[in-house]
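These are the structures, in structure tokens.
Heads up, the next two complexes both have subunit A, just with different partners, subunit B and then subunit C.
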Partner chain A sequence: MTAEEIRAHLDPIRDQFAEERSLVLPALKFAQGEKGHLTGDDVTEVAAATNLTPAYVESIASFYDRIYLDPVGKRVVSVCVSLSCMLNGSDELLEHLCSREGVSHEGGTSADGEITVQEAQCLGACDRAPCLQVDAEETMGPVTLSEADAVADRLRAEPQPRPVLR
Partner chain B sequence: MPQLNSVYRHRAADRVLTTVDTYRLSGGYLALEKALGEMTADELLYVFHRSGLRGRGGAGFPMGRKASFLPKDAQLAKYLVCNADESEPGTFKDREIMELNPHQLIEGMVLAGYAIGAERGYIYIRGEYEYQAQILDAAIEAARESGYLGSDIAGSKVDFDLTLYRGAGAYICGEETGLLESLEGKRGQPRLKPPFPAVKGLWASPTLLNNVETLAALPPIVENGPDWYAGMGTEKSPGTKVFSISGHVTKPGNYEVVLGDTTLRELIFDMAGGLREGRSFKACWVGGSSVPVLAEQHLDTPLDYESLQEAGTFLGSGGCIVMDDSGCIVRASLRLASFYRHESCGKCTPCREGTGWMENVLQRMVDGEGRMEDFELMEALFGRIGGKCLCALADGAVAPISSAIRLFRKDFVRVVSEGSPLPQPMSPQLEMSGGRANA
Partner chain C sequence: MPDYAPVDLTGTDLVEFELNGRTVKAPAGTMLVDACAANGVEVPIFCYEPRLGDPLGACRQCLVSVEGIPGLTTACSTPVAAEMMVDTVSEEVREAQDGILELLLENHPLDCPVCDKGGECPLQDRTFRFGPGESRMVEPKRHFPKPLKLSPQIALDRERCISCYRCVRFSQDVSEDGNLTMSERGGRSEITTFTGDSYNGRFTGNVIDLCPVGALTSIPYRFTSRPWDIQNTPSVCASCSVGCNTELTLREGEIKRVQGRDEPNWQVEEGWLCNVGRWGYGADQAPQRLRQPILRDGGETRECSLEEAVAAAGLVLAHEAHTTVLLGGDVTVEEAFIAKELAAGPLPDAQVGSAGVVGAALGPLRALPAAQLGDIDGADLVVVVGGDPANQHPVAELRLRKARRAGARIVLVGPRAQELESLGESIRTAPGNLAEGLTSAVAQIATVKRPLVVWDELDLDAEPDAAVVLATALGDNAAASQLELTSEVNGAGLRALGVAPHSRLVDQDLGGVLAVRANPGAGPGGDAWNRALDSGGPIVVIASHHSELTERATVVIPCSSHFEHEGVLVTAGQRAQRLRPGAAGPEQSAPGWEILIALSHRLGVALEYRSPRSAFAAATASAPALSGLDYDTLGDLGAEIATSPASDVNGAGAPRAHDGEGLPLVTGRSVFGGPEAHLSEGLVVTATGEEAVLHPAEAARLNVADANLITLNSPNGECTVRLRLDPGAPEGAVFAVRGVPGGTVESLLAPDRAPVNVTVNTA
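Our next item is the complex of A and B:
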């Protein structure tokens, strides 16, 4: 993603903020939409587009769970493990997805690079526990183990949406 | 007996109100036209004050009083900020309002913005709510096209516009000053208070911050008058509150109750369908996860700020998590400790280090390696974390765990003295819906 493209995205919202610095998070999210994560070059381009230093931009990017500075799978599946979901079996759901995708029980990316499974803190769908979220799509639940299999199969069959919203 | 109520229009109408037309058919935007056309900003502020509405994000501070703290003679621009970063475990009430009834939030923000003299408002929504953010985006655009946002709103010469700002996954950005930092393009770490945001908030300007549920309550208050709202509930807890209830109940969901009118027992057993067959009640975190846990002897507590405080807990965000006797209080406490360790922003040492210590000690209890000295260690930790940090996250981390050890000491002692790991909690949902349990 080039600074030019990022600037073009920011221009229409620029006057909504008293200080340019506020644009850093919208810029990071926009730049991440290209590949689903940010490379070092992306960070530099975001910095150029927002008149900040790359070090500063990286310090912001690293603060947030949903900004990825390392490559992840084509789709990211976040399994909520907070209390309401835990009481409804989220640990089994996470374990099941991790073993199905062949990643450590704390999550990771499948060998074919298609799916990243990760733990998430409360997704705000406790009425649908246990729940999971694909990228930043609407959170789904309650998810049974066989439904989780179906979700993973669907994600493999589908092309990655553009832009990637995480 | 629980009363029915109608503060949130999608509940009264029992339908989705995402378009301007459907919202108007349910009485929407009449309060805006009335207030901007006939009332001065001060009169409107007085209406908020008189209604007794308290902040629904968790702290319960009177909304009208908070709004009146903004200096009247400030040279700087004033801002209104809506906290839609709903991340408190067990809480999903704001999600419902934004999903089904976004215009009531927008109308409430125009009213609050006019009352404090702000021309721009921000809605800070958590990154995980992208689906809800898109609904809000569309609603904001539609409200602008209908003349309810922008300049000269409804022919009143009042200007007010909204910006939706998306977060990217950080619980701490729901803390008001952490939110402001994030909105300013900084790491979302809380600020030292005072100065409070009312004096020095967004870009050091006077700023009013309110939760989604609080702001969305304003249109009906203006429409029906503050006395209508204050007439519901108790003197210290006027109006209605949406409780999100989840965990081991058969009908989890959002239930709006008149404060003081419904007991915890009625919420759990009558409204939320009660527990599964053959199960008994064990524990409940009534105001989100950052409040002291309650046990069976507290079930007849009325749901209002003062009664819950008397029972030793807080109404908080109204995110009520229920656990039956299949759950393990030590495991549940460990899960909460892990949450706060993960979400601590790292700015204050007692919180950054202390939440990790709490997690480690609870983890070794669950692993069957707990020691009796750990109880003393935990007490010492609580005293070193609580009240020693810039924001309430640390106190919120201590509250559910210290209270659990106090109320359910026998369970903790048994786990430590038997020295054997506890069984995994059951997974009712997976069983009920036909999934197979993992060995």
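Our next item is the complex of A and C:
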């Protein structure tokens, strides 16, 4: 992704933001759409397009759970670990998904590159705790362990939507 | 570090408010933490730092109760208002502050005895004063592999970080490099650079002083000392003429650390230091340091004692028909004064000269109201004429950035491409055309309320017509002031004593030479100087480090470095400031003033100064510009010397013609190119060498290629140097870095730095 492409994406939405600095988030989301994650070069290009330093852009990118600075699987499953979900068993849910996908108990990407499991802070679905979210699109809950298995199987069977909105 | 901003309780705009049941006063709008501190009440803080711009409120440590504001409020971001009722000691407040500390310590290791910061750590101190005696945490703390090298000089121990953001704000809002950031969030937050790059820059070391915990520490200093076995001494940095106020840390006879003072000089450096000033002390321990006096007798070179060396110096100089005293640009006022006294009496038919330029046309500018670095903040227009503050007077850069943030207009006029051009309007002038280039800036000076001109001594000496234009423009606006960035560290002090530059002496028979911290062979007109020194009499050198001159001297007497002796330097803003000895120096060395006094005894006319203090008193009595000053009035922060009366330019205001064929040569120093950067262990990784810079189009015309060695020739000498092509460099001139140890760029210049042209060829 080049700075020109990112600028071309930002130009039409520029006047929606009071501060130029705020454009960094749409720029990051747009740049991430290409590969599903951002490389160091992408960060540098975003910085050039938004007149910020690469260090600052990287710090923002690292702040958000849905901006990825490392490669992720084709689909990302986020398990909420905030209070309501934790009280309703999100620890077991996360542990189950992690061991099922063969990743460390903090999350990671399955060996076949299909699914990334990660922790998420409150997804705004406390009434459906424990909940999980697929990419940034589909939030579901309460999720039992067998339902989680079904979700993972379904994601493997489905073609990956393009562009990925995470 | 200054925890709280200074508050003026003597002004007329004070409001009364109630603090812990007591009625006190502070200027309206002062932040509550500062107003409390000014009234003797400490509110604990971590993220608040008066020099980092607007308060952030990140750490929540300064919670206090203010009547009318529900709950507790952060004192760092609450301005004082009349009749406010503030309580900083109630049970509710105490519990809140205690609670915040307990949270900050949740992940912070409680291993103060093995931490480098232990004993001088704000987190430790405030935990004792305001915090919990015991931790209730039973969960494991977060762990990281032990420390990371944030830069070759800065270690980052992430476990100790309390995410106060001070270092990040310094990088974003003070040095404005933007390279230090906080990544991740919440409990995972950590200080980082882009993809883990080294945090390099001119001012990076300040984050060590800013860090309120042991997360950021100085690699050259860490684990070398303990707060209870060190001694701290306030002094002044002698790396450049800015004159930053420093604190020297002494342990076992050696300087172990230089840092900004807890009580900074708000008129000068505000507590910030550049990396050269911070880690340059290592040059004192370098192999090039002179540790033993040397005698050369015929072909024989031998080491001797100090007494023997001084006796020999007296002997060889007394036998000369006439003598020349050469002073470096960084000799103290005392050394220069005693050297002058020596020349006036004990030394046979002596003349004195110092490093520096004549500056015949600069008198009218210097006679205008002198500004201090601190005045840059309050100006509405800052015109920087010539120079390259970022490289040659680094801490001045931070003042310019601060002024820009405060809304001042910055105009840079000069022949160089420089980094600070992005701060405002930049007018590049071809060498010789500076006066013309000043037209727009001069027009702006006439229209604003508080214009301030920061001007470079060497660049205006080279273009006297511009100096005259500038002096006239400033003279027309009564509110205007000027700040000279002198080329020599004590240039203003030498001028105040009436010591003329030594360039006039180079064509004369030098006779016997006494050189004090001087090395003219490495300076402008080096070849001419070396010829003069070769044909002259014996050379006696008083110096702290080996140089080309000590190699050819008959007598070499090691003297103290500026970290090791007492004296006065008159730095930018004509500010006289005291050096204080932080260490004793090598066994067989002595302060320069003491060696000169001993020499006077040997020469048979003893000078009766028993201390630098008494020498300074005599100097002030003899020099009108210094009158009224003594060590006590200078104190820790120094004082301005009297402005010299306006002198007539006497025809020196005409443009100076360039000597020689080819393109005009523009030289300048590079921040990490000087001797400290090359000699000090802590700095050598960032040291840069000599180079010439050309615009690519110019290089194509001259048929020279990037990264090749090229030869520059001027009427004064020849120099071979690496070429760098830079599209940002103006066409029509050759730019070169001077002042690098062992470098030869200076030899292209005339002894008086008259402008020269150079021819360029592939070496």
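As a convention for this text, the second predicted complex is superposed on the first by the 164 of 166 C-alpha atoms of A that agree within 3 Å, B and C clash if a C-alpha of one lies under 4 Å from a C-alpha of the other, contacts with A are read in each partner's own complex, and residues count from 1 in each chain.
Basically, a residue touches a chain if its C-beta (ideal position, glycine included) is under 8 Å from a C-beta of that chain, and two chains touch if they have at least 3 such contacts.
Remember, it's a predicted structure, so these values are computed and weren't measured experimentally.
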item: Side-by-side fit of subunit B and subunit C on subunit A, or clash; value: clash
item: Which partner reaches more residues of subunit A (counting touched residues only), subunit B or subunit C; value: B
item: Touched partner set for A:Gly89, first subunit B, second subunit C, both or neither; value: first
item: Which superposed partner A:Glu158 touches (first subunit B, second subunit C, both, neither); value: neither
item: First (subunit B), second (subunit C), both or neither touched by A:Asp112; value: neither
item: First (subunit B), second (subunit C), both or neither touched by A:Phe63; value: both
item: Subunit B versus subunit C as contact partner of A:Ala55, first or second or both or neither; value: second
item: Touching partner for A:Glu4 - first (subunit B), second (subunit C), both, neither; value: neither
item: Contacts of A:Val43 with subunit B and subunit C, given as first, second, both or neither; value: second
item: Region of subunit C that runs into subunit B when the structures are aligned on their shared chain, from 9-17, 81-89, 99-107 or 405-413; value: 99-107
item: Doubly contacted subunit A residues - partners subunit C and subunit B; value: 59, 63, 121
item: Subunit B-facing residues of subunit A, complex; value: 13, 16-26, 28-29, 50, 59-60, 63-67, 78, 81-84, 86-89, 91-93, 95-96, 120-130, 133, 136-139, 142, 144-147, 165-166
item: Subunit B - residues contacting subunit A, complex; value: 77, 86-92, 94-95, 120, 126-131, 161, 163, 165-171, 182-188, 202-203, 205, 244-248, 252-254, 285, 289, 319, 321, 323, 327, 331-332, 335-336, 339, 342-343, 345, 424-431, 433-438
item: Subunit C-touching residues of subunit A, taken from the complex the two chains share; value: 40, 43, 52-56, 58-59, 62-63, 121
item: Footprint of subunit A on subunit C - complex, ascending; value: 172, 177-186, 192-195, 197
